[in-house]
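Letters are used for the chains, namely A, B, C, D, E, F and G, taken in the order the chains are written, and counting of residues starts over at 1 for each.
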Amino acid sequence: MDVPELLSNILFLIGSVFFLAGTIGLLRFPDVYTRLHALAKVDNLGLGFTVLGLLIQAPGVLPALKLILIWLLALLASATANFLIAQRAFNRGIVPWDASESEK
Amino acid sequence: MLPGTDRMPDVIPWLILVPLVWASLAFLRGPGRGGRLALAGLAVQTGLAVKLAMQISISGVQSHAVGGWGAPLGIDLYADGLSAILLLLTQVVVLLLVVYARAYFIAHPEGVSYFWPLTGYLLAAMNALFLSADIFNIYVTLELLGLTAVGLVAARGGTESVGAAMRYLLAGLMGSGLFLLGVALVYGTYGTVSIAVLAPLIEAEAPSAVFVAVGAMLVGLLLKTALFPFHFWLPPAHGEAPAPVSALLSALVVKASFYLILRLWLQPFAPLVTTAAAQLLGLLGMAAILWGSAMALSQTRLKMLIAYSTVAQIGYLFLLFPLVTVTSQEAAESALQGGVMQVVTHALAKAAMFAAAGTVILSLGRDDIGGLGGVASRLPVSIFAFALGGITLAGLPPSGGFIAKWLLIDGALNSGQWGWVVVMISGGLLSAAYVCRVLRRAFLPMEAGARFNSPARALEWSAFTLALMSLLLGVRSAEVLILLGIR
Amino acid sequence: MNLNEALPLLVLGSSLVPGLIIFFLAETRFRLRTALNLAGAIIKLLLIGYMIWGVMDNQSYHFRHTVLPGLDLALKADALAILFVSLSGALWLLTTLYAIGYLEDSPHRSRFFGFFSLCVTATVGIAMAANLFTFFFFYELLTLSTYPLIVHRGTDVAIRGGNTYLAYTLTGSAVLLTGVVWLYDLLGQVDFTYGGTVASLGSEYDGQLKIIFVLLIAGLGVKAAIVPLHGWLPQAMVAPAPVSALLHAVAVVKAGAFGIVRVVYEVYGAEFSESLGVLPPLAVAAAVTIVWGSLRAIWQDNLKRRLAYSTISQISYIILGTAMLGLISTVGGVVHLVHQGIMKITLFFCAGNYAETLGVHKISGMNGAGRRMPLTSAAFSIAALGMMGAPLTAGYVSKSYLSEGAQQANIIWAEWVLTASGVLNAIYFLPILYRLWFKSQPPAWPRKHIQARGGKETAWLLLIPPLVTAAATLAAGIFSESNWSPLFWVKIIAVREYSP
Amino acid sequence: MSVLALDLLLVTALLWSGLQSLVSRNLFRSIVLFIVFGLFMALAWVRLDAPDLALTETIIGAGITGALLLNGVGQWHAKQRNKLK
Amino acid sequence: MILGAILWRSVLLAMLWCILAEGNVGSWGVGAISTALALAASLAVLPVGAIRFSPLGLVFFLIYFISKSFRAGVRVALLAVQPRLDIHPGIETVSLRLPNGVGRVILINTINLLPGTLVLGLNASTLQLHVLDMRSSIEGEIRIAEKRIAKMLGLSLDQS
Amino acid sequence: MSELALILAIFLLANLLVALLRVTRRPTPADRMLAALLFGTTGVALLLLLAYAEDAPVLVDIALTLALLGAVIGVAFVQRGWNQEREEENGRS
Amino acid sequence: MSTALLFPLTGAALFVMGVAGLLLQPHLLRKIIAFNIMGSGIFLILVGLGQRGGSPDPVSQAMVLTGIVVSVAATGLALALARRLLDLTGKMQLPVPGEDAARDGPDA
């Protein structure tokens, strides 16, 4: 196993860890808004690491640029959707979870 | 260059292209437009179908590879006697129905919508279906046929028609889904979908997947053909549609899937079919005859009566299967001829009956059988057409239906299956009974204060021509059956 | 196609073509319609005359069209066909005349005459059918073309009668069809030939042949109104008088009887039928029908109903004659085919005259009608006497041949039946004659439909036909031994049937 | 071995999302799950060496069909709301 | 000026196609059509002259963005996997200085990827945020993001 | 060696499944919409890993489509689908 | 169990689920979903069986491609009809013949 391959495998692993964290957050967080936080931030980072890992192995410049494009696109998509969902939920009157409230 | 001339001997693709072209033109011209295009297109198509029939009777089976590619990737088209008969039948019936529909939609402009383009696409799908040489292509044409037919049923737009169309669509999707499942399993087993290649591969000791496949295809097609327990969608769909559409559906569209059952039963899957399956189909056919006739007898609306009559007549077609399965060559041949004659004559007669009923309803402004009094004297030609259609359904001479019944009974006696003779005879009597139910009302005097509009002559005479053709087929059926012999 | 082939088609066409044209004529084209009708009828008679001449000259007239391989539509004019064709041709002309007078003002005349012509076409087709398939073809066409005639009036009663008629006849023809197809399946083409074709099959088919025989006779028996298949006939008498006349004398019931004659002699063959043992049951059925029809006739007060039951009884004379093996009984049976036709049509014409002129439908209302309508009543009396078998009438000829035939065949009970039937005939006809001639007229007749013109008792178109047929009844009886009588012709046929 | 595990997981996902989209009592959830199902189908096509199909499935199966269904359910909900008013 | 902008966009889009097609020469026919269509679409959505795009600003923004989003990811991930759920979410309202348009869209997307913030809604001059941890100040972060975006697009911030 | 990528792909798939299971079980429709987000990121990562593991660059294109679609579906969800009755929306997790 | 049969078997299961849904679900949108799942099941069988030899099979893939397009057309038509029914009756269910169209169904 050569160095680039090892490196990309490590990056894949890191990405997966983020994905796992995102999933855990999704399972544990108490309301829509907090779950959105988990999804938007953690999973995108996981994807970023995966793309990074692939970039190392990319056969050329153009394929590499394409990978980056995919990442940006995914980012954009998730940010937009995030905003729309949150806005809609808020407009519809879903009250955010409050730590102090739940402790009572 | 005109298609059908000597410079273009290959008429097969044109039979699919011509309706596609005029349908698209009609579509571009917008709703309600395109009657004239349809008429011209059908005239050409009829010519093509005649030409094809002649080519087949002279030089045997015709085939054509689309785009010059052969199987497995290309699409093969193929026409034998049976396809030629059905193609010819389709073009002729639709030609007359087009004449009818043009007059009908003048009187009924709100129902026309996209009738013309949809009819064109339907014809293209149907012609392609009759010409397909592989079962996957058949699936595609079957599905397209179903979708266009649903579009035609829904065109009127009321709750009943849209509901009926929806029911029809779901039944059709279910049916074609089952058919496609069969295609998938057959392909998985033999690695081909071409009927010609499959035929020698299939043997009686096929893997069980093939039996499942054949079963699924059969059930799917039965659903589309509306054989007895699967008939639930047919009466609303055929009864609610505008008269030209009802005629088109009852006369031709259900026949398309019946044609497939027959073709697959006889050609590639013959080694697999069992007497028990054939008897079961026969029994279902019998049930359809009894149930359809009973329902027809109890209907209060004219078009529903005719629609239930279609249910019964479809049952009649299925009596064919016990007679062609594991019987003597002679009996099978006779029964097959009878079955095909029944298909042809029923198509002509049913188109005539729906067309005549449409004229009657248009003139009276009502659809109940109780209000038919006086029609016999006001619309003699239409009632005559209806009665002639009824004669064909009942299988009485001199109609083509009589020849069909004769041949079927001959096949049944020849194979020693007396029971089916009784069923066929009773089926004819039951048809006579419900046709008579309409006629007796028509002969009664007109109700006081009833409204009456004189219909266009084209409405009456196109129906009459259809009925007359079904009648005259009785003395000129030899030609049809010679064509059928070419396989 | 030479003339000999075309002639059977022309005979058919002479009524078919006018019929089809008439369908599409406007109601008001009275003259054209009449001209077409009469021209067709006269042309038909001329063609028939030419054919009779040719048949005597040993010409043969055949037409054949192959519908399917092994299934021909074939027509021929043999002696038996000529007998029936001439009967229908002649009576069609008379009935048409009568119908023109009868229906002068009623609606839907185009429809009526169209179907009337179709009906005659079918009858002629039945007569000339050269094989069972063709026979069946026209037999059904007859059913279909008579239905609109029966329901012509459009009243509830008429339509109910028509439906009963259709239910019976269609069921009958379904049974018949089964037998026909079965026979075709065994034999291939079943042509009518002297002496029959079935015998060639061999004895292992006897069982099947018996069943087929039963199917065929049951199918034909419906139209021939053999008890218990006769239920439709009394109901169908609601049709207009010309229709009843045609139905009872020529078309429907005769078609059934004619079919039985063809089946027994020319499909099965007289000897083979006898050896198969199927004739005695047929004879018994005929006998039962004769007696039962006569008995029921006695209790009817409606004149047309009584005549209808009389028809049921009389038709079975033909069948009885056919079912008894022997030359003489055959002659008696077949000649009755003609004689009964002439007599019964006279009776119905007269019944129509009473109804249309005086409004009398019931026998109890016929008191003194003989003095009001002497010519009609005279014709009626002649025909009624003929029915009873009085000497000098056509009925006497057929009945004497029948009883002689029964003696020859050594069937004693048949003689008793014939005698008993004669007595019963007298019981139901003589009271009518008595009322006609010897009771006094009522102060007023129920209503007057048809104005008598020129001092005649009724319209001349209604009067001529019964007088002609009554004269024919007498002529056939008095000149029975002449070369032109039906009897002479029937004797030729019978000889051929027994020595193929 | 891991290929089999992937396939098994994928199959489970397919069956689960398919079943859930059919039996779910909430219509909107059904449609969400149907789109999810379509995406799993795309993955299945990938596993079956049919990238063309995967592409088609994502665009047509999940995309267009999903959008059409969402449109339908949107109208349905609007109708339900009008009815409640 | 306009022509220049169009040229720039064409080149960018063509490059995009090049990336998508991975330099495949055979697909240039389709690529030309797609590029033309995309150009038309971009002109319709974003008229020429609405923004003055600064490439250097983009580089700075990207660096800023990636580093922030990395931190955000790590932080939320840590929050998620901590044994005790230590979050104190709440809603905060922040004033907004970017003008309407592309800038705001980018800002919102950026905020969504910043640590612990999520946009709930916006109107003319304020932004409603959902904050994962109310204990830390959030306004400063927003101000920085606004500044970077303004610089990248050549927009001026509303100094109210 | 691409074995690790494959295993990670399985791992991501499992992650995705678990997350979807949970998300679609939540009572509020807003939660269900997270499914689109999940696919937009996890699905893309999964496809990219598969492309690497199976050495099939075509899958990269599919990932691209999926990313694009994630945005479209997300918008469609919010615009069209999410119109549930009020009582459903008051629930929290 | 071999991988070769895994997808066809899944396809079969999906098919059965789809058929059941198509038959049993009253709501039209669900029926449409069920139809699509049924179709996907068949496609899986088709491709899965088509490449049992191991190598991808272009013929079966071409067929499925056609099939997908056809089923989208069908779905579109079905949805159009369903929406028309919704407009007409206020429900997304098959109207029961003879029943008052305005009556609220169980899904109301």
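Annotations
Methods note: contacts are C-beta pairs under 8 Å (C-beta built on N, C-alpha and C of every residue); 3 or more make two chains touch, one makes a residue touch a chain.
Heads up on the chains, UniProt names are A = Multicomponent Na+:H+ antiporter subunit G; C = Multicomponent Na+:H+ antiporter subunit D; E = Multicomponent Na+:H+ antiporter subunit E; F = Multicomponent Na+:H+ antiporter subunit F; G = Multicomponent Na+:H+ antiporter subunit C.
Because the structure is a prediction, the values reported are computed rather than measured.
Interface comparison, B-C versus D-G: the higher count of C-beta contacts falls to D-G. Farthest chain from chain C, judged by C-alpha centroids: E. The centroid of the Cα atoms in chain F and the matching centroid in chain G are 22 Å apart. Between chain C and chain E the centroid-to-centroid distance comes to 103 Å (mean Cα coordinates, whole Å). Between the Cα centres of chain A and chain C there is a gap of 99 Å. Separation between the centroids of chain D and chain F, computed from CA atoms only, is 11 Å.
Contact with two or more other chains is made by no residue of chain C.
Residue numbers of chain G whose C-beta contacts span two or more other chains: 18, 43, 48, 82. In chain F, the residues that touch at least two other chains are 33, 36, 57, 61, 64, 77, 82. Residue ranges of chain B in contact with chain C, taken from their complex: 337, 376-377, 380, 384, 391, 394, 396-398, 402-403, 405-407, 409-410, 413-414, 421, 425-426, 428-429, 432-433, 436, 440, 443-445, 474-478, 481. Listed in rising order, the residues of chain D touching chain G in the complex are 3-4, 7-8, 11, 14-15, 18-19, 21-22, 27, 30-31, 34, 37-38, 41, 44-45, 47-50, 52-53, 56-57, 60-61, 64-65, 68-69, 71-73, 75-76, 79-80, 83. Across the interface of their complex, chain E is touched by residues 17-18, 21-22, 24-25, 28-31, 33-34, 36-38, 40-42, 44-46, 48, 60, 62-63, 65-66, 69, 75-76, 79-80, 82-83, 86-87, 89-91, 96-100 of chain A.
Note for the complex: chain D touches chain F at residues 2-3, 5-6, 9-10, 12-13, 16-17, 20, 24, 26, 28-29, 31-33, 35-36, 39, 42-43, 46, 51, 54-55, 58-59, 62-63, 66-67, 70-71, 73-74, 77-78, 80-81, 84. Across the complex, chain A meets chain F through its residues 1, 5, 9, 12-13, 15-16, 19-20, 22-23, 26-27, 30-32, 35-36, 39-40, 43-44, 46-47, 50-51, 54, 57, 63, 66-67, 69-70, 73-74, 76-78, 80-82, 84-85, 88-89, 92-95, 97.
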